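Right after this note come the structures.
In what follows, chain A forms one complex with chain B and a second complex with chain C.
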Partner chain A sequence: MRYKSQSVAYWYFAVALVLFGLQLVFGLLSATKYLGPDPLLYILPFDVTKVIHTNLLIVWVLTGFMGATYWLVPDESRTELHSTKLAYVQLILWTGMGVAAVIGYLFRYGTGNKLLEQPLPHKLVMVVCFLIFIYNIGMTIKKSGRFTTTEGVLVLGIVSSAVLFFPALLYYENYTVSIFYRWWTIHLWVEGVWMMIMGAFLAYLLIRLSGADREVMEKWLYVIVGLVFLAGILGTAHHYYWVGVPHYWLPIGGFFSALEPLAIVGMAIYAYGAMRRSGMSHPNVLALHWTLGSTIFTLFGAGLLGLAHTWPSINKWTHGTLITAMHGHAAFYGAYAMITLAMISYAQPSLTQGRPEKGTSIGYWAFWLQLGGMFGMTISFATAGIGQVYLERIMGMGYLDAQLKIQIHFVMLIICGTIFATGVALFIYDFFRYRPRFDVDEPAAEGSTASDARVS
Partner chain B sequence: MNNRQARIFAWGSTIAAAVIFLGLTLDSHRQFPNLTNAENITPEVTHGKDVWHKYNCINCHTLFGEGAYYAPDLTKITQHRSEAYLHAYMRDPGSFYDEQRHRRLMPQQNLSEEEIVNLVKFLDWVANVDNQGWPPRPILVTGGFTAGPGSSGAGQPVPVQSSSTSVGVRPVDAGDDIRALGENVFRTAMPTCVACHSLAPGADGAGPSLAGIVRRTEALLASGNYQGQASDVEGYLREAIVDPSAHLNTGGMYSANGVSFMPDTYGESLSEEEIEQLVAFLTTLK
Partner chain C sequence: MERKKLYKPIRIVSFIVLALMLASVLFAFTMTGLHWTGINV
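Right after this comes the complex of A and B.
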């Protein structure tokens, strides 16, 4: 690393990876409950393992985003962070909030509102963390006077994430209205502003890994952001199917969510094009795997599998079945887990001591086992979901009886989930087996490389 | 495209999409009271919603198809199960389903009576929200539609009382045989008959299978154990439809405290003619 303060990213990544590991424990537990009977019915029932599984996902991905941002901003703005102390305070508050939330869920302390289960005090701590984060990043950039487009997209993504959290703090008397605003937070995060954050990370990685021309990369970053919002904002409508809102949301949801893959295709072409044009000469080949892998898996999970059930006349049969779980797992993993792992892989040779730049063989095993495992999990959910839709929704078989007929797919799910978890365990082991480094390993380059030259 | 044009595209499309979205949001707020019957959100319904949240129901079940996929969708549950059934179920789920057989079971939630009553009121509010006609066919908890006589290769579902009609419904018109009309009532009446009763021998759901109902009724009437007013099979079936508690059949699965779990609303929701047709259909189930 070029700046000493970038080492705060190490601790963010460390926390993120531990929580990632924990998320999988609860994921696997949830999966085995589909086979049943459940010996933990009164100790750790499904609703508890499931809420912890999804909440840990949100917390660890955001932790990873924060760490990656603290790594990226000094590089882009060519300066030390405004305050490493604030960054550590933020991490401690954030982690404390996450751990407290998980422990609370074990005792059923939560709001029971899907994906926004965090109790109000926890939500307020999250707001405080967002504010510290935005302040710290803002001051760093302001002090340096150097503000790149990549950074601009990233900061706008982070600020919008905080703003969109606001509807989640309010109370709604009408259940339908509360659903309406839940998706302002969740959908506009994952299919809006987090896409900006992902796009910014992608641009950063591609500029550095492929040495592609910054001007060209940042121009296309704008185009991608435009496409994301054009489709993503009105695409919120696909969460408004069948929940008691006006009927016009159906065709709007169908049309604009069909457009959503455009931005994702754009991203994949963007990454592939950069690699084609400028070669894959960067020594950190592992980070290249994760970067390209992320765009391709996003195309598959978010783009293709999202499109598969987003049209209203299809969705009316698949809505609320395991088809949604199929799309959710592949999309979240491809877009957000993998881009975070890409940033970690890119940064870790200089965050730790003695690690080979091109990655270790354990690192490659981790990559391929995760990819294979997640692909298998997606197929398991898909086959289970297709069975469920035909038996339960179309043939009219009762839910419980239909679930018995698709048991074999849950066996497949657990096997693939285990392969995936092995890959994640290897990634975590590979991360922690080298000691962290807290000094600068390459000189801060004042306007050195051509790819770094543009300042907007 | 140069950098400036790309930037204009990004801002332009974002702002345009946001403006349309906010406009539609305003219009949605105008329509919410009507679509969701907001005047029916009583303090009891709101308390029921809080119960739904407090016990983390949504992390197993779905409502409006939203939630987790580990337990049945409950959007229209009050149209499939009577209040009495839902109350009894919430007191002890384990007496209704067998974990060994279905491989999963809802844990006992230990709700207070008030919580149970209001939760069911909330679910009834949910069931009446205008949610764009979803689900297209009833989503059942257990059992299922079994093809009855005459329904094989049948045509389009006919909306009779609700947009949520059932599978395999043959179109009928007034001139059809009374038993065909009765089968249509059986498959389209709300609450849905088939949500609890199958026509397959031995396939009991939340209600007993209706296969062989005629033979069983004859045996019952002859046995002297019958507690109701009817004197023949038709009379018994009519009584069972309009006054389900007149004679209680078997065990804790179907009734509690002398009250049948079957909805007692058919006497009002079905016309005299429809009840006659339904009885005619049921008497074909030897």
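Right after this comes the complex of A and C.
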């Protein structure tokens, strides 16, 4: 850690990991409900556990992004954060909002708008947090006068995320209109501007872990951003297929969303190229695992599995089935969970006392168990989803009758979910078993050159 | 409150979450066992 204020990232990561663990609790409760009569039916019905599961995902990933940004920006701009106090205020407000939202869902307090169920007061707190965040980051960069391309893409992603949250603040009586604008936030976040955030973290990690030339790596970032804009924006239309909008959205959605994997393929080539050029000699091998793993799993989950059901002729049958859950789990985990865990793994040795640079054996177990577990979960959803589509949508069997036929896949889901949860539990345990440190281990040199980008 | 003092409470919270995760895994496997004959295998 070169700047004292970077230590604020520790608390963001700590909150993110606690929420990640809680997300899995509600995920497992949701999966169990597919097996048969549920004793928790009247206390925690499926709609409540699922809402909490998906909302915690968004909140913990955003918390991780914020922490990673507060780690990255001082490093890139070579200065202390503008205000650590503001960063802590933001974290307190943000965590309070997240906890209040979860408690509210337990008492059925929510808007019912999928993935944006947070009531208006919570959403306004989120806006305040976004504004504090952007102000703090912006002032830090302004103060230093050093603004790298990596930071540029990151800031563009963060500011765009905040701007795209505005449609979520509006309420529409008409359900089709509501869905139409809901995707402006959700799709353009996860298949648009969050890709920029991911790309920026990836560039930062690859430059430092592989020691590859910054100029070359940052040129690739432009290509990725270009591809995200080209395909991601109009790719929103793949959510518009069967929701009551005009038919012309079908070819637009089909064509542009089929182009979306290009940016993801670009990222994987980018990571592979960096590693080929510079080898894997950085001591923090665990962070390397997470970084490369993220690009590969994104290619699989978001790219391949997304492409598998984005065409209107296929999506006609698979829309809203377990095939969507298959894609959603693998894509979100690969692209956003893994890159956040990569940033945490990279920063951990500096943020905690006594942690070995190369990572611990528990850390490697956490990586492989999560990877294997999530792969198994994805396959479980896929097999269940294929069965569901044929039985329910093609054969015309009722929902519950079809469900009975595919129940065995949920046993597989729970087994693989348990493997995944074990990996996450080990990551959480490994994170918290070392005390945090708040002193700099490597004082920043005045007038340091580009080569300092290689130091960890 | 000093930041160092916050380590202990957040560590306790993390253990509570780990315990909840374990409880949800045990619940899931108990339900799998209870419903085994109903599961269409």
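The rule is simple: the second predicted complex is superposed on the first by the 444 of 456 C-alpha atoms of A that agree within 3 Å, B and C clash if a C-alpha of one lies under 4 Å from a C-alpha of the other, contacts with A are read in each partner's own complex, and residues count from 1 in each chain.
One rule holds in what follows: contacts are C-beta pairs under 8 Å (C-beta built on N, C-alpha and C of every residue); 3 or more make two chains touch, one makes a residue touch a chain.
Everything numeric in this text was worked out from a predicted model, so none of it was measured.
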| item | value |
| --- | --- |
| Partner chain(s) touched by A:219 [first = chain B, second = chain C, both, neither] | first |
| First, second, both or neither for A:396, with chain B first and chain C second | first |
| Which of chain B and chain C A:25 touches, first, second, both or neither | second |
| Partner chain in contact with A:435 - chain B first, chain C second, else both or neither | second |
| First (chain B), second (chain C), both or neither touched by A:404 | both |
| First, second, both or neither for A:356, with chain B first and chain C second | neither |
| Broader residue contact with chain A after superposition on the shared chain, chain B or chain C | B |
| Contacts of A:251 with chain B and chain C, given as first, second, both or neither | neither |
| First (chain B), second (chain C), both or neither touched by A:47 | first |
| Partner chain(s) touched by A:145 [first = chain B, second = chain C, both, neither] | neither |
| Intersection of the chain A residues that touch chain B with those that touch chain C | 35-38, 404, 407 |
| Residues of chain B that touch chain A when the two form their complex | 1-3, 6-7, 9-14, 16-18, 20-21, 24-25, 27-29, 31-32, 35-36, 38, 41, 46, 49, 52-60, 62-73, 97, 99-100, 102-105, 107-108, 122, 125-126, 129-132, 134-145, 166-167, 194, 205 |
| List of chain A residues in touch with chain B within their complex | 30, 33-38, 41-42, 45-48, 50-51, 108, 110-114, 117, 173-177, 179-180, 215, 218-220, 222-223, 225-227, 229-234, 236, 241-250, 252, 316-317, 319-322, 324-325, 392-401, 403-404, 407 |
| Residue ranges of chain A in contact with chain C within the complex | 7, 11, 14-15, 17-18, 21-22, 24-25, 28-29, 31-32, 35-38, 404-408, 411, 414, 417-418, 421, 424-425, 428-429, 431-432, 435-436, 438 |
| Of all residues in chain C, those that touch chain A in their complex | 3-4, 6-7, 10-11, 13-14, 17-18, 20-25, 27-29, 31-32, 34-35, 38-41 |
